[in-house]
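Naming follows writing order (A, B, C, D, E, F, G and H), and every chain is counted from residue 1.
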Amino acid sequence: MMDDILKQVQDGTISVSKAKEMLATYENLGFAKVDHHRKKRQGFPEIIYGEGKTTDQIISIIQALKAKGNDILVTRISEDKAELVLQQFPEFSYRETAQILFWKYDQLDKKKSTSYIAIVCAGTSDMRVAEEAAVTAEALGCEVRRFYDVGVAGIHRLLDNIEEIQNATVSVVIAGMEGALPSVVGGLVPHPVIAVPTSVGYGANFHGLSALLTMLNSCASGISVVNIDNGFGGAYNAALIHRLAQKGND
Amino acid sequence: MMDDILKQVQDGTISVSKAKEMLATYENLGFAKVDHHRKKRQGFPEIIYGEGKTTDQIISIIQALKAKGNDILVTRISEDKAELVLQQFPEFSYRETAQILFWKYDQLDKKKSTSYIAIVCAGTSDMRVAEEAAVTAEALGCEVRRFYDVGVAGIHRLLDNIEEIQNATVSVVIAGMEGALPSVVGGLVPHPVIAVPTSVGYGANFHGLSALLTMLNSCASGISVVNIDNGFGGAYNAALIHRLAQKGND
Amino acid sequence: MMDDILKQVQDGTISVSKAKEMLATYENLGFAKVDHHRKKRQGFPEIIYGEGKTTDQIISIIQALKAKGNDILVTRISEDKAELVLQQFPEFSYRETAQILFWKYDQLDKKKSTSYIAIVCAGTSDMRVAEEAAVTAEALGCEVRRFYDVGVAGIHRLLDNIEEIQNATVSVVIAGMEGALPSVVGGLVPHPVIAVPTSVGYGANFHGLSALLTMLNSCASGISVVNIDNGFGGAYNAALIHRLAQKGND
Amino acid sequence: MMDDILKQVQDGTISVSKAKEMLATYENLGFAKVDHHRKKRQGFPEIIYGEGKTTDQIISIIQALKAKGNDILVTRISEDKAELVLQQFPEFSYRETAQILFWKYDQLDKKKSTSYIAIVCAGTSDMRVAEEAAVTAEALGCEVRRFYDVGVAGIHRLLDNIEEIQNATVSVVIAGMEGALPSVVGGLVPHPVIAVPTSVGYGANFHGLSALLTMLNSCASGISVVNIDNGFGGAYNAALIHRLAQKGND
Amino acid sequence: MMDDILKQVQDGTISVSKAKEMLATYENLGFAKVDHHRKKRQGFPEIIYGEGKTTDQIISIIQALKAKGNDILVTRISEDKAELVLQQFPEFSYRETAQILFWKYDQLDKKKSTSYIAIVCAGTSDMRVAEEAAVTAEALGCEVRRFYDVGVAGIHRLLDNIEEIQNATVSVVIAGMEGALPSVVGGLVPHPVIAVPTSVGYGANFHGLSALLTMLNSCASGISVVNIDNGFGGAYNAALIHRLAQKGND
Amino acid sequence: MMDDILKQVQDGTISVSKAKEMLATYENLGFAKVDHHRKKRQGFPEIIYGEGKTTDQIISIIQALKAKGNDILVTRISEDKAELVLQQFPEFSYRETAQILFWKYDQLDKKKSTSYIAIVCAGTSDMRVAEEAAVTAEALGCEVRRFYDVGVAGIHRLLDNIEEIQNATVSVVIAGMEGALPSVVGGLVPHPVIAVPTSVGYGANFHGLSALLTMLNSCASGISVVNIDNGFGGAYNAALIHRLAQKGND
Amino acid sequence: MMDDILKQVQDGTISVSKAKEMLATYENLGFAKVDHHRKKRQGFPEIIYGEGKTTDQIISIIQALKAKGNDILVTRISEDKAELVLQQFPEFSYRETAQILFWKYDQLDKKKSTSYIAIVCAGTSDMRVAEEAAVTAEALGCEVRRFYDVGVAGIHRLLDNIEEIQNATVSVVIAGMEGALPSVVGGLVPHPVIAVPTSVGYGANFHGLSALLTMLNSCASGISVVNIDNGFGGAYNAALIHRLAQKGND
Amino acid sequence: MMDDILKQVQDGTISVSKAKEMLATYENLGFAKVDHHRKKRQGFPEIIYGEGKTTDQIISIIQALKAKGNDILVTRISEDKAELVLQQFPEFSYRETAQILFWKYDQLDKKKSTSYIAIVCAGTSDMRVAEEAAVTAEALGCEVRRFYDVGVAGIHRLLDNIEEIQNATVSVVIAGMEGALPSVVGGLVPHPVIAVPTSVGYGANFHGLSALLTMLNSCASGISVVNIDNGFGGAYNAALIHRLAQKGND
């Protein structure tokens, strides 16, 4: 890109100040620098991480992004804050378990794809993280199938669903406690597995450390790991892979 | 026991000094106090932990135990040390992979039992610990069946052997890396599972910490855990349970 | 089992769809897959872990289990939630210190057994975990004897009760702070000891880590360990062992 | 698959014993159960992890895999062991820095692809891990481009190569010390980034823990992480993704 | 200093009791010993750390310091406490985000300096710590320029401001999550960088440990680190350096 | 003691049941076994640790101890609980900062001793722990002198008081944050130093771990350490030493 | 002391340079500053920590100390180094297990005292640390009694010796693995207990961390702790206490 | 800089390819990208970290740097490697304790400056790190004064030298074991203190973690910290500060 800009400057097609503006790919709100260039650079627009931001800050960033025609995805936003945002943007959707607020992405949902991402979840208590992953993937335009409460303590529940999981493009596997599920899934599927440890557990679980270490040390190949409780990150990775896989199928 | 002794003292059956001698249940070798009372108190004689002891110390303890008619079991004894001990006690047996030296116990092997302990092991590299467990259980007089290299990355290898594992009295399940195998076995068998984490792995394995935490946090019920690489401890627990179970069957 | 099913399919005794149904051993409630096969596979029915589940979820699972004739055991259920469940199932019993709700199991209590499980507890503050263990074992049909506040700082309190503890089938030993009690008990009894570390303590206790490490490193043989504060797990293991031991005595 | 087998058994197309054999997807060498079904199930044949295996064990597994027509990939195999294996299989190739021995895979290399995996490496000392990744990816049939010594302390070295990295299908980013490189790359590329922490560093690096935590906490989206020094794992994940992406382009 | 005092005692210029008084450089309030000698010894007067002190204790220390003509700086003081102090000292200023209360220092602000400290901050959530640093530096009489939300996930936001950062005397670089920003800044500027990790993040962030380790292991030279969330400490160090640098320029 | 009892039994001086009663040195309250033998065995009566006990439990234990003529010391008891206890035992004293309730001990205070224990405390925020130590030592009958806010950041405050500290029998040195004070004191005094780390600090302090490690690694000889925030333990050790030292002086 | 010097300077009794010399209490060897004032300040002369010092450095420090009439104690000195030192100082004694070299102290041994320090040691493998403690205490002029291999797994071995331990002035209790011995001893003796954790153990022992935490969290009062394997430190503390206790008895 | 280049391109002063070359600020050796721009960007040329590099790699980088007229500084280079490099560059100097090889820098030494950096070191065993710091600072052209073996256990050794330390521009304070020295120095000097923890110690030192935490938690202001054993980093920071301070004085 720099090459092009340098050439255009030399050609006189653009001025030096224009060249600088073209590199000014973000908008400075003072407390934040909104990245308008993200979609061009990375394929998905900037996503708002709601935790630790005030409702006013969230609304300001939404306005800046909407003004440039971006889709909106806000994660880790509590019901209270979401309601205040919805008063201003009633066209948005909020999913409570997932703690996600989004807009316009869901229209991509319409085009039914035969390929899908498998969201595989070990226990009922991990559902909060699993839904963050599932809704994120849906908001990013992916078809999703959910396989919940299939933890390794009752391996037949997993095996009963394994063929449908095997046919996914990519799996996001969520587990707390000892976090053994990705190892078992990873040994049975032919596609990449994104493992998401959760902080569900107690005692020697150490707030998810146990599940995290399990997943990093998995004896199955084809597994990579994101941060504890990072359902969003798991789904974002899966969506990037899913998009690569779909290019060929479409 | 104290009751009896007090009564005998009162009756004049025994003298005060005799009473004290009866409580002197060990032999003082200076560097060690050999516990001759162990078999009466716990059912198995004192076992010698070879690591950190000189060959001379090991031989002295063996002599003290043999003199009182005890069976002998020495764990964590290197081939070098074992050879020196064998020169003095050529009737002993040494198992190299297990690093165990023992005597007289193996005669119990003769009486074939229909019940058995399952030694289940995840990977080839964990075999050293698995053999420590297997040989310990055999030396303590138990029938043992080995199920090796059945880790969760290829779950079909485990499922293919699961019925024979289910029929055991108790399982000792050994695994390194992420240590997920006990969770899967624990969900499939009707008996107690003793989980033994191994230090096999690298990086975020932290010398067995990963497998240890996995096993402590297992979502399957009926699993208890011993120290990293403690094949002996796993088998000793299993032998105690096996002995309880056999009392009824015999 | 697979062998049998395959043969019956070949014989035409059962159809393919019937064969698949026979493998469908659980009931899908959406948020949970209730395991109706657990009792056949493991000897005790599925037990409900109350923490992190809503009252509605707990009630739904209870209904599914009761419908198939299962006994009910709910652990880690707060008094608030328990009261709501009791409104619907007034025949259930709730034990507050143990935070356990159960039904029908207690009838097994009737048949008085001469053998028993010893629940040994170091300090007054560990009683919450000890009661979770004691009530679980009772709910699973075992005779239980309680030995509380016998920690190692006043070793005479333990020694005074040691003979009754020695005569148990299996001991569950609960301790917080430095967690030394299982080592001392383990050196004095002839049966398996299940050690349960608690999170009682402060400072360098690190929420039970100190007691956990102590128990894993015990110099006494015959000790295995469950997760911090896992009174349920300790008792479940003990009940499995107790059941094995009783088969012979009955 | 089970459906098909059940149907074939019912049809009488195959016998019960044949059905069981079809499920016997591995070969039992005693110390190992070689997984012949891996390629069908996962797309790549079983790969041999050389560390902790004797040369004889490695040769036995190679023979078992070759006999079934599998390609061979042995990782973490020292030069000494590799030379002994090469005496028996002189047609194999050994790459010393990567510590990898392989056969037949390289023929896939021939077909030049326009798409490629970027192997991005922070420092000279991380090259050992980077080469494990690069050679693994090549052995798995992928086109690879190497970008070495482009760590964040001299960010211009990375920016100078960023366009070629952006055009890859997927990046494997390797870094030790503080491990910041994946965050920077992740913010600049439109494809998935597999981050590999290395144990390069000292002091508060804690053998790679620092880099590992950095990567797990990355503020850039689209990054997932494998174990410390796990160049193989990084490349295996990348190859799975690359294969998905290529299906469309071919 | 002792030399001087000894000489003056010998000369008879001062008495022994006077000599002792001259060493009595603090005032004993009972709960605290206020250090009146700090400014002479270290260049800045004693600063009051508000956390864990009662409002009454803070007011007593302020009175003692003011009585000796010291400027006042109170850090980590909540809005509630600050309001009570302001009732007594209405001439003081309070900055809410920074949680800092100060007096008289700001007059030094008047003299506009051409040299300045750069406060560089990775994310919006780190602003609390960044403001503690910025206001501290201002209260200590330094010119400050703020560069906020320039984290490495969007490196162009940093590069766009890099020249102004390079021209600072010293940078205080604040970052949470993976904490990679100081490494990138450190590789681009010719002056010392004080790195301040924050506790912003979740999961494997471990309350700032991840960012702390990253900064300690930085591959860039010229970076030193203060405690997690210690914006004050970062600014204090920067002010010491800034003062050294200014001596020459003034 | 056993010798004597055995002899008396033999002599017929006491009966067997009497001998057993003499060993029954505690009183079983169900939730607790009160140790009446402690004063004989250890020199100080049993002390009640208030945390985690209900007010009713505390009152029951007090009643049991008082009935046998023991002095009373309750530590870690909140103001709320203490008030309820004081309603029943109005003769008791409560010290709020120290969170200690005691009775009868203070009469020992009367006898003024020329020897004393030095309680040396680094910062104002550590006073809570320092007072727990000071009041405990006083309640155990020792003369105490307090040296507060003498942390190493202003070493002259310590040096100014060092001679009075040097003349103590034993020092209890309390410090949070980096915990360096005991090392400096330990290098200056001729008597034992009991170091008490506190949890005062933030970030990389890790709730007192930093101060704890500092004290354990002290390069000064003559320092031993108790648990984080364990002011009671520090004082109890000091009182034992003080008592030994006083035997000679009295 | 400063008072006196100031007065003497004022009186003209001493000159300023003399006053400064009187404060110069150490000798600068370049690589070390030998502390000749230690005995006056602390009661025992400076002790040489041999680890990490060359033989030449050790000899230089010995010469400096001997020249001022100090006794000599060198700890952690290997047999090789000790032999070289003994060639120069043949009058010195070396104790191999303790790795201690000393001189002149042992003459204090002559005067037989009726009071003694108890060195209590859990296992045979901990003897190296126990001997470091025992020889240190002897070198510092204390009477010592050794109680070895009395760990809690065979509690009767401890109870059999408990009366002789109870009669000591102070106990140094050494234990590795789970380190429970000090808690038990601490509950039975009326004097201070110095607990020394050792690094003996494996797996979850984490090089002595387990024993260290156990001792810090002991539920018995009267226990303080020194660093892992610090037999010297344990004995030094004990000697300080013993000296205090003896003052009265002599 | 970019501005200038853009303008020159627009002016036609330089061509596009020239503009790109100007940004190509490093030389690609394959295994390394040598940064020739470092001196312009950061004030000191690129420094070679010798650990983990082969002698050939070090020589290649030296040749590349010398060819561009850079001074040379190689850290962490063993005597063996250094000798091989010296055969090719006999004009270089090697300092063994510091493990540093350098060239041409020392000429800056000539110009005697009245200002200096204080290298303050706690113990004899920390000298290796102290010398790495001292020689680095000298090689970077700074005047250095060494203050060794002045640890806090004998605080008078520090106080005796404190005035000379106070007069330095900046102090680098090196300490192992408990690492308390920087806190004491930091409370006594008016300039920035760079604290360097060392890995000297044992047991609960955890390879320098103890000293590191101590320094990060220092209650003294004006202290910042570098990695464990990073004498080079400490000195590099000090040299940056020293250079800033000197600008004014020259």
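Methods note: a contact is a pair of C-beta atoms (placed from the backbone, for glycine too) under 8 Å apart; a residue touches a chain by one contact, two chains touch by 3 or more.
For clarity, every value in this text was computed on a predicted model and none was experimentally measured.
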item: Chains touching both chain A and chain B, listed by label; value: C, D
item: Proportion of interface numbers common to chain B and chain D (over half same, under half different); value: different
item: Distance from the mean Cα position of chain G to that of chain F, given in whole angstrom; value: 25
item: Inter-chain centre distance, chain B versus chain E - centres from mean C-alpha coordinates, in Å; value: 59
item: Separation of mean Cα positions, chain F and chain C [Å, integer]; value: 39
item: Residues of chain B touching at least two other chains; value: 154, 187-188, 203-205, 209, 212, 216-217, 221, 227
item: Pairs of chains satisfying the touch condition; value: A-B, A-C, A-D, A-E, A-H, B-C, B-D, B-F, B-G, C-D, C-F, C-G, D-E, D-H, E-F, E-G, E-H, F-G, F-H, G-H
item: Residue ranges of chain C in contact with chain F within the complex; value: 124-125, 127, 148-150, 154, 156-157, 160, 200, 202-205
item: Touching residues (chain side chain F, partner chain G) in the complex; value: 1, 41-44, 47, 163, 169-170, 187-192, 194, 212, 216-217, 221-228, 232-234, 236-237, 240-241, 244-250
item: Chain F to chain B touching residues, read off their complex; value: 3, 6-7, 9-10, 12, 16, 19-20
item: Residues of chain G defined as touching chain C within the complex; value: 122-123, 151-155, 177-180, 183-184, 186-188, 201, 203-206, 209-211, 213-221
item: Residue numbers on chain A that touch chain E, as the complex places them; value: 23-26, 30-33, 35, 37-38, 51-53, 57, 197, 199, 207-209, 212, 227-230
